[in-house]
Amino acid sequence: MPRTKPVIVPLNELTPGQCGDFFALLAERSRGATRDGKPFFTCRFRDRSRSVTCMVWADGPWYEVCERDWQAGHFYKLRALYGESERYGAQIEIHIIRPVADADQEDGFNPADFVEHSRHDGAAMWDGLRSLAETHIVDEPFRRLVTTLLDRHAGPFQRAPATLGKFYPFAGGLLEHTLSVTRLCLQLAEQFAARYPDLRPPLNRDLIVAGAILHDLGRVLEVSDDLVLPQPTIPGRLFGHLFLGRDLVRDTARELGDVNPELVQLLEHVLISHLALPEWGSPRLPLVPECLILHHADDLDAKLEMYVRCLSSDKADGPFTNRDPVLGRQLYKGRSI
Amino acid sequence: MPRTKPVIVPLNELTPGQCGDFFALLAERSRGATRDGKPFFTCRFRDRSRSVTCMVWADGPWYEVCERDWQAGHFYKLRALYGESERYGAQIEIHIIRPVADADQEDGFNPADFVEHSRHDGAAMWDGLRSLAETHIVDEPFRRLVTTLLDRHAGPFQRAPATLGKFYPFAGGLLEHTLSVTRLCLQLAEQFAARYPDLRPPLNRDLIVAGAILHDLGRVLEVSDDLVLPQPTIPGRLFGHLFLGRDLVRDTARELGDVNPELVQLLEHVLISHLALPEWGSPRLPLVPECLILHHADDLDAKLEMYVRCLSSDKADGPFTNRDPVLGRQLYKGRSI
Amino acid sequence: MPRTKPVIVPLNELTPGQCGDFFALLAERSRGATRDGKPFFTCRFRDRSRSVTCMVWADGPWYEVCERDWQAGHFYKLRALYGESERYGAQIEIHIIRPVADADQEDGFNPADFVEHSRHDGAAMWDGLRSLAETHIVDEPFRRLVTTLLDRHAGPFQRAPATLGKFYPFAGGLLEHTLSVTRLCLQLAEQFAARYPDLRPPLNRDLIVAGAILHDLGRVLEVSDDLVLPQPTIPGRLFGHLFLGRDLVRDTARELGDVNPELVQLLEHVLISHLALPEWGSPRLPLVPECLILHHADDLDAKLEMYVRCLSSDKADGPFTNRDPVLGRQLYKGRSI
Amino acid sequence: MPRTKPVIVPLNELTPGQCGDFFALLAERSRGATRDGKPFFTCRFRDRSRSVTCMVWADGPWYEVCERDWQAGHFYKLRALYGESERYGAQIEIHIIRPVADADQEDGFNPADFVEHSRHDGAAMWDGLRSLAETHIVDEPFRRLVTTLLDRHAGPFQRAPATLGKFYPFAGGLLEHTLSVTRLCLQLAEQFAARYPDLRPPLNRDLIVAGAILHDLGRVLEVSDDLVLPQPTIPGRLFGHLFLGRDLVRDTARELGDVNPELVQLLEHVLISHLALPEWGSPRLPLVPECLILHHADDLDAKLEMYVRCLSSDKADGPFTNRDPVLGRQLYKGRSI
Amino acid sequence: MPRTKPVIVPLNELTPGQCGDFFALLAERSRGATRDGKPFFTCRFRDRSRSVTCMVWADGPWYEVCERDWQAGHFYKLRALYGESERYGAQIEIHIIRPVADADQEDGFNPADFVEHSRHDGAAMWDGLRSLAETHIVDEPFRRLVTTLLDRHAGPFQRAPATLGKFYPFAGGLLEHTLSVTRLCLQLAEQFAARYPDLRPPLNRDLIVAGAILHDLGRVLEVSDDLVLPQPTIPGRLFGHLFLGRDLVRDTARELGDVNPELVQLLEHVLISHLALPEWGSPRLPLVPECLILHHADDLDAKLEMYVRCLSSDKADGPFTNRDPVLGRQLYKGRSI
Amino acid sequence: MPRTKPVIVPLNELTPGQCGDFFALLAERSRGATRDGKPFFTCRFRDRSRSVTCMVWADGPWYEVCERDWQAGHFYKLRALYGESERYGAQIEIHIIRPVADADQEDGFNPADFVEHSRHDGAAMWDGLRSLAETHIVDEPFRRLVTTLLDRHAGPFQRAPATLGKFYPFAGGLLEHTLSVTRLCLQLAEQFAARYPDLRPPLNRDLIVAGAILHDLGRVLEVSDDLVLPQPTIPGRLFGHLFLGRDLVRDTARELGDVNPELVQLLEHVLISHLALPEWGSPRLPLVPECLILHHADDLDAKLEMYVRCLSSDKADGPFTNRDPVLGRQLYKGRSI
């Protein structure tokens, strides 16, 4: 009699004591040592809504393969016994484990199921950003510089978080933040242009829009293009996203050949000074007013996302949230209006 | 034969050696002492475009009256001999001097001629600000709180500079800055309300608009209501404009009696935390997102005014401005686009 | 046959394995979640000298009532089984639980038994403070302002700690600290008045004494008037005790109507600047010498209390205390003289 | 006919155009160079109430002797023509000049006439300080340590200013400040001893009094013992008064031989930590409570002297003083009470 | 039948369940309390490569003796049952315990076996340092000062770590660091002497070499001379190694009597200013160029040791080390060249 | 009779009242306005050792040409009357003035006569630096990268100061500083390589040497290549020398094509992090030990030059220099050894 293929049960639907087949992300693999020096690994597997621990002891069956092959951020297919402990929470005992293979997609494996995403539609945001560039940058070669950069980095730009843990820390966050900042900048540019009609040269809207769209472009090189577990890259740590983004601008402008060099120079200055102060990460102070507009739009948009996320997800009793570790304060949530 | 009344010649039209009658502001009266201890006063009189010095020595004819009566910020009618010296510049020798009297208005005396003003029409700005309050604050008692405060302080609010030396340092500057910040806040509030439709309670636009309109209200008590030479007041120095403005809100709300106390409390919090950090002057950190919007609109508007003023008035050779003492940097002005 | 009423056994006298009836404070109720997302509560009940844990699991009998009704800071009557575990310490298993009722006082329930108090007699301290005001403030309306404020807030003023975790962090601490600071100020005022007899106006002793008595008055509004578990209030977090205390002064002076406005203004300035620097919490710098005296008396008294408490309670081996987290240093305790 | 001895006329009584004989302090001798490189000296001579300038040009008669011999801080007898100029103030043209000689005392020369002094009687203050040591230090050898140090440095201690330009910057200022701090410490020590009767070991009053008396002892070595023009010494700049004072204590204790070493050690610690923080000049943090008392008494006494001096000597119009450069603020002087 | 003496088994060779006799260092003894207030001790015993825990409960057999006698840093001979637990690691259950006695050396007890050492030969380093003094300090009495100080503190100087937890934190670290800094200083001194041949007086190489050799001499008094568990001393905490080292120099120079006082003064200045800034621990700024050379050699040598140790011992996956808590950064280790 | 050509007299040899022909650098041309608003220019002409002022008044003969044509940093041939005034120093009255022409070299005009130079021979330093690169960089393509960069910027590199006002502020200063830093780095690299033979990968000497040689390369683009009056450039201010130098490295490496990309990446990291901290100008922290060596060599060399220059040029009386405005301290110069 032919053996029937076992059914795939999502990890988050297993009941204590049940042994099932499921896909899971290895979210963490960290070394430890018992007090007498024996090494072990603490592994954490997860799907979208359940996270389970698996201790891999030096004298257990999985130690060698864990040390040699398993990598955080990779997906695995497991057969494992699920259990719950009051103290140690959900745990699994692995019976079989192998990396996910292409064929697993037939069984319904989809990496995107494992990732926290922006709530907004990626394609729509991307079209929105691209069309802001198309519509609002008047100088044609300069516009082409911006759209070329967007197109070349379209994939990672749409997948990346804005930051790994501060603001917009989820897939699509970079795009969502950039789109928001660009829209803010457009409005601010318009308002200030109307206020200072006599400034010579006038506020350069092309510069502001391009600066907004590209201000965090370097993030696509600063963290790995990994939807599931993005990590800082070597250039990311050695140089930072300000340098990396400005290099992309400089190289692409040189390659295109027809962009006004003065505009490129100003754009590069705007990019590296948009954090406003050396102690906030900008090697130079802003020397043109367009920087200021970008700086405030960027900072306000980032902070507001943090406030809203903190207020929306907080679970504390009482009228104040728990202390947000990035903001360093407890927000007031107990208001009725 | 009746003596003909002497003609009034503006100070700035006198030629060296000419003796004329003119009105002038005593812009400065400062004590000094010669190295052997004899006191004197250095007085500076000015009209709109010329400033002249008058040394008042202890053994001269004007010392007593200068010490006893003359006050900086007051206007005088003088008959004086005008002279120029290469080293010491324009000077006058006073023959007759008396304070300006009401009757002098017939001879064309107008204090407003002596003051630097906002380039914008005061009445139009005032109408603009008031109508923003009328239009955009939905809660009726809360709106009445704001308009009552505006109406009660309409005079000084329209005359005051935003600051004495940092940003918008000219008559009408407070109004111009407030109007600009309120418009910025309105746009930002709209954009963020659209971005975070699920936030509960949603961003409170009434709070943002009221906060913007009143954020520097305390300035009307912090400096003297003196078009010509506003000075810090005693309450201004002892308490600062954050406290003073928030007291006006608190007292007026109590007096009106029908304003939602929770809204008042939030507004007071927004006012005292809109400078964001203790070292920037805020006794508390912002605990609601509305503060952030006001803070960034305020800071951006103030800084941009400083940038534009510096770029527009700078006289330095070369592509950079002189170092702006408030901004602490030399701006880039040598760009063509 | 009538069932005899069970005897009340203090929690701290239960022996492992014993089931008893007792009163206890719910000192903490914090949410947690097992690794697979099941919520639970960790509750801590205590009496004066024993603290026990009770885990409330989602599938246990108390979860619902715990989530809905139990509140930290409230007292409960429990029937529970007491146990000790080497690792997890003292625990209880609840059989019956209900909030304390008025009738329980007949059985000996007294909330004050659960609280750490100042070692000094509250009534005596209160009389002391009040009589300092009566004796040393010469200006009658000004004295009435101070005593009125004291009388109106007599309850919370006597119950409140000076701070929740820094200095005098126990019931009655605010009063003990205030009394001590006032006595210090009196001595200092006397000494400096003698040193500077020619100062005009002389050091104002009324101002110093009133400032000392009222310098932390705002604390009564900054934390909840809860003997057992005081918590920051909403106004406390939104405005801080400097603002709140000064508002009490301002409102009461206005109400009384006969207090010298200049004295009130100086007192308000002293209150909001007594922390000396913006980064220490004062929105304004001290502009009159009386502030200095209050600032140093306050700071010295607070720091000395922390030193003495740290030295008296430290358990470390060796000549130095453990690092005090507030003071940020290890004090020297190993001296013989 | 015998030539009559010319009469000595005080410098401050000369009238313009008069040539007289007088004693004067050379208060300043600073080199300069004309724009084409010719050297000159600007010398300033003064008596108690008049200060006159004398330019010594390279091609004039006094250049050589000025360069070679004249020293700031020395007294001279001059015959000189006195003149006044509006711009350059009081000046003299020297006819004869020589250093003051012993015999000049017969003609009324007294250096003390040229110096700003403490308003208090030096001998009385000295007796006061010494008797505080005698009366309030119980441990006999420790008391002898303190009195020995006082006696050995009695001269400079009575002449020195507390600082050259910050607080008590006049002859006798060190003694006046020390006496005041010691009195403050005594009162504070008494008050705190009463508050913390259970502290073990109790607050050591001997330590506090000795610390107060000796806390600035190092000043006598930090500036030159020159009543007229004290200057920083080489050890003063290389080591600072904390080190220097503590060395005096250490050496003297070693020499006396009978002082309790633990007391000496504590005293040394109190001396080097009495400025409280490294950024304020203390290499170590205070680790015993006695330091705190000394620190606050010292800081309060110094700051109050600066406030009182600023308020008493300010000449500005209006209710606020000019900005005090050391305090960094404008004090409020316009109060009536 | 005579009982045979049990064999000594090193702690790190025991197998779970085995009971053995061994020597061990009591590395830590810290008090704890169960949640219901029962005291206990957590003791950690270790030899070179295994560390085991022993819980000493209040009702167990060892509590009294542990509280009364056991001291961290002392060695003990134990008979104990060894066990391993997945969660709590290696533990022992003590059967017999007594302090190590002299006679134990016959059984192979050697304290040095329990300590982390510099990888370099101590005697060779010491000879190296001494001969640098002999060879490179030209002034004979000054050289004698240095060698005398070295000889008098030879023992602790060779045993001490440079710091307890920052750089060179192991036995012999002070000597290794000092030798390295001295060699660096010699080279730098030579190079700069060649660069500035016209400086008067020239860079003083004697001063630089002596400063380098003695710059951390005070460490021998700042921590206890305990090879196994050095601890801060009382003078170490009250005064710090800058003061302590400079006192040794001062006292020894005075004792020797023939050292050039100007050299001693400069050396003392170099010692107390070699940390360059008050906030880095120097009470005075460097006023002679020799300080600079020492400061940079010292800082570079210390930082490089931290970098090398972090890079060599790090276990993190990926191209960056874990965050070093002292350096505050993650170093780049994933390079191939 | 033919008119004889007037003799050229150096400006610094003119005597008061003499009218002569001479070459001079226009070192400064700054606008001013008299108190009544008339514009004027203050011009400063100088040769090597004399500097003279020339006031150009609005109604004088030179105003127009001064405003239109004269430029600071250019050389002029003048015929002018020289005069000296006690108060205003050396001044000239211009009779004829024209820019220097090529033909003037025949009359002995040489711009180098007007500039402060490094005391060292430029060609020798250049050969020294180049040969350090040739000798000590082992990797051939990497060495070619360094020498190519040197050769391409040889001219400005030899002419530029290291900084405009902080250290090595004279022509040739950049080269002198770079050579010195490179030599220091070589020695330090050798010493540390010997100390840490087991580090993997070992300290990369190629990287250290290349980093040292190129660490300030960006200075050649940061200031204008003007021997006489170098000024910050636009890219210099917008980006700073760290960015500019690293771009040169990146572009040249890309062009050469054969340089190990990992080496280039490390070199770029070393360049942008060699200032160690963001607040000192480095956008990233040093993540490899080679950075540390360069940082300390650079900082020490710069500071020592400032110390030596201050000590060598100071003119103050007494044992301490005047306060150096960059170092912020008064150095000790009064030592004999």
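Quick notes on this structure:
For clarity, chains are labelled A, B, C, D, E and F in written order, and residue numbers in each chain start from 1.
Throughout what follows, a contact is a pair of C-beta atoms (placed from the backbone, for glycine too) under 8 Å apart; a residue touches a chain by one contact, two chains touch by 3 or more.
In this text the structure is predicted, and so the values were computed from the model without any measurement.
Steps from chain A to chain D, minimised over paths through touching chains, total 2. The chains in contact with chain A and with chain E alike are C, F. Any chain that touches chain D and also touches chain E is listed here: C, F. Set side by side, A-F and C-E show the greater C-beta contact count at A-F.
We define each chain's centre as the mean of its Cα atoms; on that basis chain B and chain E are separated by 63 Å.
Distance between chain centres (mean CA atoms), chain B to chain F: 44 Å. Of all residues in chain E, those touching 2 or more other chains are 234, 237-238, 269, 287, 320, 330, 332, listed in ascending order.
Shown here, the protein chains touch in an arrangement that is not a line, ring, star or fully connected set.
Listed by chain label, the pairs that touch are A-B, A-C, A-E, A-F, B-C, B-D, B-F, C-D, C-E, D-E, D-F, E-F. Chain A meets chain E in the complex at residues 29, 31, 34-38, 55, 57, 72, 231-232, 234, 237-238. The touching residues of chain E, when paired with chain D in their complex, are 234-235, 237-240, 242-243, 247, 250, 265, 268-269, 272, 278-279, 281, 283-284, 287. Those residues of chain F lying in contact with chain E across their complex are 180, 183-184, 187-188, 191-192, 195-196, 198-199, 201, 204, 260, 262-263, 266, 269, 285, 287-289, 292-293, 296, 299-300, 303-304, 307-308, 311-312, 320, 328-332, 335-337. Chain D makes touch with chain B in their complex at residues 12, 49-53, 84, 86, 88-90, 315, 317-320, 330, 332, 334.
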